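Okay, so chain A shows up in both of these, paired with chain B first and chain C after.
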Partner chain A sequence: MPDVLELRDVCRDFSHGVFRARTVHAVDHVSFSLERGKTFGLVGNSGCGKTTLSRMITRLIRPTSGQILFEGEDIAALGRGAGKAYHRRVQMIFQNPEASLDPTMKVRDSLLEAMEIHSLGENREARMEKIQRTLKQVGVPEHLLSRYPHQVSGGEGQRLVICRALLLEPEVLLLDEPTSMLDVSVQAHIMNILRDLQRELGLTYLYITHDIELLGWISHAIGVMQRGKLVETGSRDQVMEAPRHPYTKELFHSYSHWEQPPVSKRRSL
Partner chain B sequence: MAVPNIEIRNLSVCFETAQGPACAVNGLSTTFRAGRISGVIGESGSGKSVMGMSLLRLLPNTAKVTGECFFGAQELLTLPLRELRKLRGASIGLIPQNPNASLDPVMKIKKQITEAITTHGRLGKRAAEAEAAELLRQFGFDQPQSILGQYSFQMSGGMNQRLVSALGLACRPGWVIADEPTKGLDAVLRNQVYTVLRQIYTQHHSSMIVITHDLHLARQLCDDIRVLYMGQLIEQDTAGEVMERPRHPYTAGLIHSLPSRGMTPIPAPDPARLSHRGCPFYPRCSKAMERCGREAPGDFELPDGGKVRCFLYA
Partner chain C sequence: MTLRRKQNIKLAVVCTILLLIVLMTVLAPWLAPYSPTQIDMGNRLADPCWAHPLGTDALGRDVLSRIIFGGRASLLLAVAATCCSMGVGLVAGVAAGYCEGAVDAVITGVSNIFQGLPGMVMMIALVGILGSNTRSIVLALVMTSWVGFSRLVRGEVLKVKNEMYIEGMRCLGAGHLRIILRHVLPNIRTNIIILFTTRVGRVVLSVAGLSYLGLGIQPPTPDWGEMISGSARRYFRSAPHLLWAPGLCIILLTMSINILGDLLRDRLDVKQDSVKEL
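The block that comes next holds the complex of A and B.
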């Protein structure tokens, strides 16, 4: 089966300063592909270009050069109809749920609007029925539908965002630090939901994070980014257990440092 | 002068809301011993930050604070404001949460750090500037001079986090309250902040209260850990005991939520158990007994000196 999404030599520069004379290579000749039904974990420090990359995949910004192929077609060349379908099939989940939901709309209307835009469901009843089914999948009680985004907790908000994405029957989810603002117990809940959904629906994930623990838990393949470049890619086990690039080694070293018990013996209370 | 302990007695902090009073901290008593790093962990909303802020009286006026907080012989909650100001920063430093909001966006970094140092009259302007540069170097900035001439909005989140940490320690206080010092930092920067805090502790013998939901940080950095749940202190022990042998079912649940410890979430509250007069964790507890819904447990001493608020250890 061909890869769902393929990046070929993608670059993105940002110019700034007087006369736009200074250029930053935010993403620098990056190539990788997403295997259907699997998770590609993208890891790197703040500012390494992970988010710029995901913004290009969602067509929020265009690459300076290079191609992004979805099922073999360049997404820059998609027509109106195919472009709209692409936005439905590739959904994005951001870090902050409160910023992803319209604060002036009740949750129910936010969910309905997404389906209406993509003409899914025959009528309001059919749509509501689908919403109720999907809410069960992500474990959110129905009474939250009549709330506003500021009236739900962070964990509930993020589940609602995932629910909205699922309503559109996507094939690829881009997850940009979806749990970094949540507590560990809530994070565990969301991560379990994501893994179950992948198994049930065969979803493909691009998981962007700087949390090595989560990366190892969810990924099948891993890409490591440093200053805009993809410095190492490989299967999860290969990258986690036998990293080759010095930067990857440093990254995993600073993590494994945390996992080991401290060196000095603590005094008692 | 020896650094005194911080002793909290029966502290409650409540906010008036349309639905009646909401208490963030509920009858909390504990003593933070000088010379140690004490971690306070718990989920968002457990009251850990409110507890830290109330020690320095930094909460908004809408907060109703009762109880007593002793810093040596001084009672912080009733101390005249003039006296309290002498303590803030100089004796008890604060590393606040949300660094972007804590720094002044229209003041250069240099002014902000030297101001903190000169306000308490510790050094003159010149010496304060040199001190500021040295401080930044300790916090992992290779070119402090260029940073000092910039504004906070020109920095990344990680840099701002290190800047507020530097600010909190600018006057070399005997006590430091660090509120979520690693929030939003990646693995490498988190390591840096850890190293800096550890360094401050060993070099300047600062005593610390580290408020965090980063369990790995708490394990690595702290001597002992206190666990808050819904404004109550439910467990306290050495860091090793709490992380390796958690006693309270909530603490155990929190630790098992970590990806490396099984990624098992704490169950959602059981609707049938929501109305009760007992333990605050009763609706979510997998080990709940009939007694737990009827009466609230007291603190039970553990053989090794720790305390846990759960009937399992009665």
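The block that comes next holds the complex of A and C.
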């Protein structure tokens, strides 16, 4: 299968201080690619550049150098129409579900708006029908639609955000620590939904996390980041069982039971 | 009594007062017993009596009629001027906050200059140069008060802009105009409404102040500010009603507007609302 998304030698610097003399290399020559229908897990501690990376992939910021290719095309060079289409095909799921929905809008309106932007569905009825179908897929009761984001729980909120992304029929989901703010039982539920969706719809995931257990459970390939650099990358088994880089070794050292399926273990809690 | 109920009562009272004032000014020609400009030198400085419930002023004009008409100019001026300065401030503030960079630097620089100028002095100068008609008064009020709006809006936009949901909208492919109109502005509306209402109150006072200096609404047009400032101060020992009647009106108006602003803030803040209900 061809790669959906490919990063080639991507760098991003941030300058600050007097005369912008001090430069931080937030992302430093990172290259990897996402295979269609698979999950690429990106792991690393806080501040290692994972989020900067996802912001570049969503075109919120531009890389200082390097290229991000979506189906072989540089996303920096996309025109207006193609850029919009890209934003439909590559969706982002943030860490905090409540913060990723507009607090002044009811959930229903947020969901409708996403479809409106891309002119999906002929009229309101058609859109509502699609929303109802998608809500069933992620297992959220319909009555939540008339609530405000702060009136739904974290797990429900995250499922609504996933629902909003699915409404646009995306191909790639960027998951930026989607479950780190949820408690363990809800976490397992969201992860199961994500895995089922991947199987059903053939979605490609870039899963950004620092939760090693979940990483091992959902990923097909893993990349390890440290201070802006991708220090190790390979298939899940290779990276987890036979890490080569000292940082990777340290990262997986404390975690010795990953052969057991962690999610089912968690569910029984 | 719950907080919500208390608020409702307050809101009802304040709205009634404001509604009465507005109705009074709109229906002035039918409500006023006399013409506000009708001079009766034979009946100067009359005490309140049946014929003149609030007495007459130094030129024998009926004070009640002048009060009924007097809200017109002040209110209209205040609302018009505040709307204009809010318009200017909104555009400048959103542009500065949303675009950042060079646009922000220019707008902030200009607004710093405007903020450095003393408001009242500038108003006096402008009205002095342009002549004291309604247009120049509105212009002077806008020039001195748009900075307040643009600074507030800029700050709020900067704050909201970095919220996750705005980034989320950009990730969804929403255009800048949609983001500004449907997500940024609704999220800062509370503060804008509060500032608007308090500003209207303050502008009523500014107009009164200008009238006091003889630069605002020109006699013989009746105006509350002008009523306090004119001959009233010379005669207030013998005819105190010349002062307290229009003064009370100004206080009632500005206070109701300010309280309305506070209540609106509480009511419009969706989040705060739910916390209270818990």
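Basically, the second predicted complex is superposed on the first by the 252 of 269 C-alpha atoms of A that agree within 3 Å, B and C clash if a C-alpha of one lies under 4 Å from a C-alpha of the other, contacts with A are read in each partner's own complex, and residues count from 1 in each chain.
Rule of thumb we're sticking to: a residue touches a chain if its C-beta (ideal position, glycine included) is under 8 Å from a C-beta of that chain, and two chains touch if they have at least 3 such contacts.
Model, not experiment: these values are computed from the prediction.
Asker: Contacts for A:Leu175 in the overlay, against chain B (first) and chain C (second): which applies, first, second, both or neither?
Answerer: After superposition on chain A, A:Leu175 lies in contact with neither partner.
Asker: In the superposed arrangement, which partner chain does A:Gln151 touch: chain B (first), chain C (second), both, or neither?
Answerer: In the superposed model, A:Gln151 contacts chain C only, not chain B.
Asker: For A:Phe94, using the defined touch cut-off, is the partner it touches chain B, chain C, both, or neither? Pick first, second, both or neither.
Answerer: Second partner only, chain C.
Asker: Output check: A:Thr104 vs chain B and chain C. Expected answer is one of first, second, both, neither. What do you get?
Answerer: second
Asker: Given the touch rule stated above, what does A:Ile117 touch, chain B (first), chain C (second), both, or neither?
Answerer: second
Asker: Where does A:Ile75 make contact in the superposed view: on chain B (first), on chain C (second), on both, or on neither?
Answerer: neither
Asker: Which residues, counting only chain B, touch chain A once they are in their complex?
Answerer: For this pair, the touching residues of chain B are 43-44, 156-158, 184-191, 213, 215-217, 219-220, 223-224, 236-240, 244, 253-254, 257-260, 263-266, 268, 304-306.
Asker: Can you name the residues of chain C that touch chain A in the complex?
Answerer: Where chain C meets chain A, its residues are 163-165, 167-174, 178, 182-183, 186-187, 189, 270-271, 274.
Asker: Could you list, by residue number, the parts of chain A that touch chain C in their complex?
Answerer: 55, 58-60, 83-84, 86-88, 91-92, 94, 96, 99-105, 113-114, 117-118, 148, 150-151, 164, 168
Asker: Okay, in this complex, where on chain A does chain B touch?
Answerer: Going by the criterion above, the answer is residues 45-47, 139, 154, 180, 183-189, 191-192, 210-214, 216-217, 250-251, 254-255, 257-259, 261-262, 266-269.
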